[in-house]
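Everything on this sheet refers to the single structure shown next.
Should a chain be cited, it is by its letter among A, B, C, D and E, assigned in written order, with residues numbered from 1 in that chain.
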């Protein structure tokens, strides 16, 4: 396990943990952006340039904006004091739910055969080959994801467009 | 090209003047912004308390008084002649026509006559002032529209030439103090007249170049057409006069209505707008400049010789008989009036200035409702106010 | 690792020979570090000075546009009365910016207020890594270079938001929202206007794109993309989107001085303001560099017989030409309103970019045609460009035009 | 346009209760005016605006004038019977009569539709105290909005019925009305070098003036 | 076609850019301290007191402290104190002179009314505009010595006006001398007549001070015709 991987993982997990602890929403949102940049660094370390730059472009460029706008536009009541669990049963229910999700995840990770031995350097794919793969065997997956995103976009526009009386604007 | 200003946009409703009354949770609270008095685009110390809903103006209250010097109280403690240099400080962009308005009112009060050459000189200087004022306005309007000073500097290049003529004639560029009750103070030299007519002859070529650069510009059309619409009936009732009123289609120009001075001897036309929006107000100024050039050319041709001062007029110890008079003329900004009430003493008993800039601002709020902050700046720019005249 | 020096005139190979000579001094394990450090220092030095003289050039060019002289008084400090046509003006500005007091508003979010200028300059500088300045003068040879360029470019939005939010000032917040709406709206047309080039060249690597534009037909018609219908139209779209992306000329809404004083920079002063100013120019230079690489044939010489001039000189000449156009546009055009600006992006630029993409696909497929078919190919391609432009243009213009006026009769 | 007398008669016919008198203007400009009583002023103004023959749709100018209390000295020739039975002596007797002052607002009305000249109407307040009111004509002509606010600010006439009566030019906390003839300037002057006159003397009482070398 | 307006705009700015290199009309900058544009003759900035010769300015001051300019000045920025004794002025008539003549240039707005109403042509408008001072109170309050400028300087800045004023003063002086000679001749004739009438009584010749009516230099205020108007037509 070489030094770079440790550094990158500390960056990712550290920024995610601190982000959860902070009370200032904007600071935690920006720390999340740091976490996504860490993931992009991990891809770079792994040699997958295309995915790393895509990650930076999409997460650091666009999704961070959506998160920040969401934080800005929703009304923040200043007195956001920490939510103390008022009743014991609520605490128990939270514990059970959290434990269940954690159990499933750990089970899945351990279940998959991961060949940890360093069998030869990963094949470096050029962008042209990635394009070929995407358009070739994985074309269906690409189209479905594209469709999904378009539907999401249209849905967002419909929600955001506040219905206002259509006024004929005499343009002359 | 860029849009009619009514289609939805991601940032709040930007349609025409339909203002949302209902308070729905999705929109945040209103934003109180005070624009001015130190604001780069309010033409002097003028403040607007604007209430914004996102980008759209919901309420706009103008605040005046930052440049108030109580010009009228000073005038009541000074002789009639003593107030003449102070009238330059009212509308400091068009001092010659303000001087003429004051002289007109005093001549009406005291019943003085003015020789022909002085009448022609007054028309020449008033129309030259109209050129200076409209060129300044158009330059500043484009500055508010966001060009980085280029049209303003072209406009100021032409203004400088005319102002140098004023300096050569009256002694000062902007504070001319040139008219006297019964005539003018200095008789222009032939070289001055030659230089002035040469300048007036190639003014239209400057206007053509200016118009080709900006009148057809798509961004200009999108930013000004349909912005700040003014209804003719409301304009008349609100006492709005000058190019702003004529842009709404009301045919009321004192040069034709009152026919003061020798204006009836000149043939010139009065341009009228149809939509009363910022674009029409801009075009009114351009077309009026072209008409002023026509008047100037005729005046230079027919300028008679003769005295420039009524021999009977007295310079000092001028005591008009008791009585009152209201003299008004078509200043570049609108109807500029002087209401004088004399009680026989050398100082006026009551000296009142009817400021076109102040009264043209009466409907500023109605014109700006429903538009964005950027439009409010442009609408204010198209009304053409000068704070010296607004606050007096 | 970039290619070692090979054939070409001495001037052509000079920078590479120099770099290899310096790298030899270092011990073997440190050589790759020295190699990259030299590249970084070279970029910072060249484009630092380029930024300085762009500011002077902008002020002098604007001055000349407005019938006046630009700054011409700044001379050498120790020689009294020496006037070097204002060439040392930028260094005087730099000293002024450094010595000005740096005021941070009390209610500001100190950390973000400090971090914003740092980030905005860092991301703008990162975009220089993939621009091919000369025949093999490319700092980092990346396979997905274009994607890297846009990734670094889009991160600057984050810094603009931080600047606007951290200043705790009504004007800054309003302006930060405007800036983000503008930059996000123009991210899409910028990328869509670049995709046809990738489609025709078949690779994301900028050096390959520059190489693909080599060669001349009949000795004087270079194969630059800008001389093909889809390329010319793509270049126009790229220009407009680049203007908007770098907050300049008709789209300088965030710092619209007539409305919101200095936009999200209102609460910055001294060196931090200078950093934002520098970042804006770096962004502008990087986008112009990309435009030159994609459409104007990168470092390719315009004519065969001009090959002896080194390739990086051509790149610089074209770069200066594009920045000159940006300054010229700034001196002439009016500013757009925020809703007109976003409508221009979504209703006019994006559809036209998509149609241009189709046009480039048609161009790539019919590359085999020859003889009379060549004219058909050009005809269809031009029609595919001009037709939608006029239709969408008329729609966007809303039937607006200069009006004729009546005169009073009485 | 009809003469002022005809207009007055038509108004009197239409508003029998109102007192409308003609105020002549002695100067050569000969712009005579109609003095309206305060109660009927707004109805008369509305009539002047909407009457078909007049159509005075444009109120160009609204001015305030301050007429302070006047000492009127009347000399009357009185015949005093001579106690000695001789011819009675004629002696002038000076009786000083204090004429009460008033504040006045003057409106110049024009017609843009029919393009005819000024009809000047005046309204006078009862006295010169601080709470004198006059009916506001802003509901009739919107152009009087700012001008009436200025009259209120500088003269102190309270216009009832004005939509937004605030001070126009002076700052809101300002107490006095500067354009009145009996207005006394506050003497918080910083030292001004004007070499003569009351300003210098009053300033000297406040601050020791730095010496001026002649 | 969309964009044609913008292209025309760019064309105009390009024309101005190219024009600024060769067409003087399109390059209007004057490098102020080195190059200075010529001031027109009528230009006025602050007043100056005209004195006949530069050697003894206070002695040959034309001003007779009639205080007309002090009354007529709108911002009241002139301050004059009269002298007790009299001294002969340009036309030889004994006149007062100002011991203190201060103009507060921080208040003066250069309107030129003082120069216009002065019946003695002693105060004229100067053309100096570089008058920055460091102290607001003392340096801007110009006293008599700082205001006085010789007639030659007046000729250099307002040539036509100065020439016309000198002509008028010379004419006035001539008229004064002739009247003085005529008065002297009349007095001599009267003396001769008196001598012949009573040769014995010693004819005490009047000390023949120049009679008061020698020059009409101090006409009743306001009655004289405004002479500064019929300038060169």
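Brief remarks follow.
Following the convention adopted for this analysis, a residue touches a chain if its C-beta (ideal position, glycine included) is under 8 Å from a C-beta of that chain, and two chains touch if they have at least 3 such contacts.
The shown structure was predicted, so the numbers you read here are calculated from the model rather than taken from an experiment.
Within the contact network of the assembly, the step distance from chain A to chain E comes to 2. When you average the Cα atoms of each chain and compare centres, the chain farthest from chain A turns out to be E. This structure's chain pair with the greatest number of C-beta contacts is B-C.
Chain closest to the overall centre, judged by the mean of its C-alpha atoms against the mean of all protein C-alpha atoms: B. Mean C-alpha positions place chain B and chain E at a centre distance of 36 Å. Between chain A and chain C the centroid-to-centroid distance comes to 30 Å (mean Cα coordinates, whole Å). Between the CA-based centres of chain D and chain E the separation comes to 42 Å, rounded to the whole angstrom.
Separating the CA-averaged centres of chain A and chain D is a span of 76 Å. Residue positions 2-3, 6, 9, 12-13, 16, 28 of chain E each touch two or more of the other chains. Counting partners per residue, chain D has no residue that reaches two or more other chains. Touching two or more other chains at once are residues 65-68, 331-333, 393, 396-398, 400 of chain C. Here chain D touches chain B in the complex through residues 25-29, 31, 57-61, 63, 65, 106, 108, 112, 115, 118, 120, 141-147, 154, 167-171, 178-179, 183, going by the rule given at the top.
Listed in rising order, the residues of chain A touching chain C in the complex are 26-27, 30, 33, 49-50, 53-54, 56-57, 60-62, 64-65, 68-69, 72, 126-128, 171-172.
Note for the complex: chain E touches chain B at residues 2-6, 8-9, 12-13, 15-16, 28, 40-44, 68, 72-74, 109-113, 116-117, 125, 221-222, 225-226, 229-233.
Interface residues of chain E, counted against chain C in their complex, comprise 1-3, 6, 9-10, 12-14, 16-17, 19-21, 26-29. Of all the residues in chain B, the ones that touch chain C in their complex are 1-5, 7, 9-11, 14, 31, 33, 40-41, 55, 142-150, 153-154, 157, 213, 215-223, 225, 251, 253, 256, 269-275, 279-280, 283, 287, 372-375, 377.
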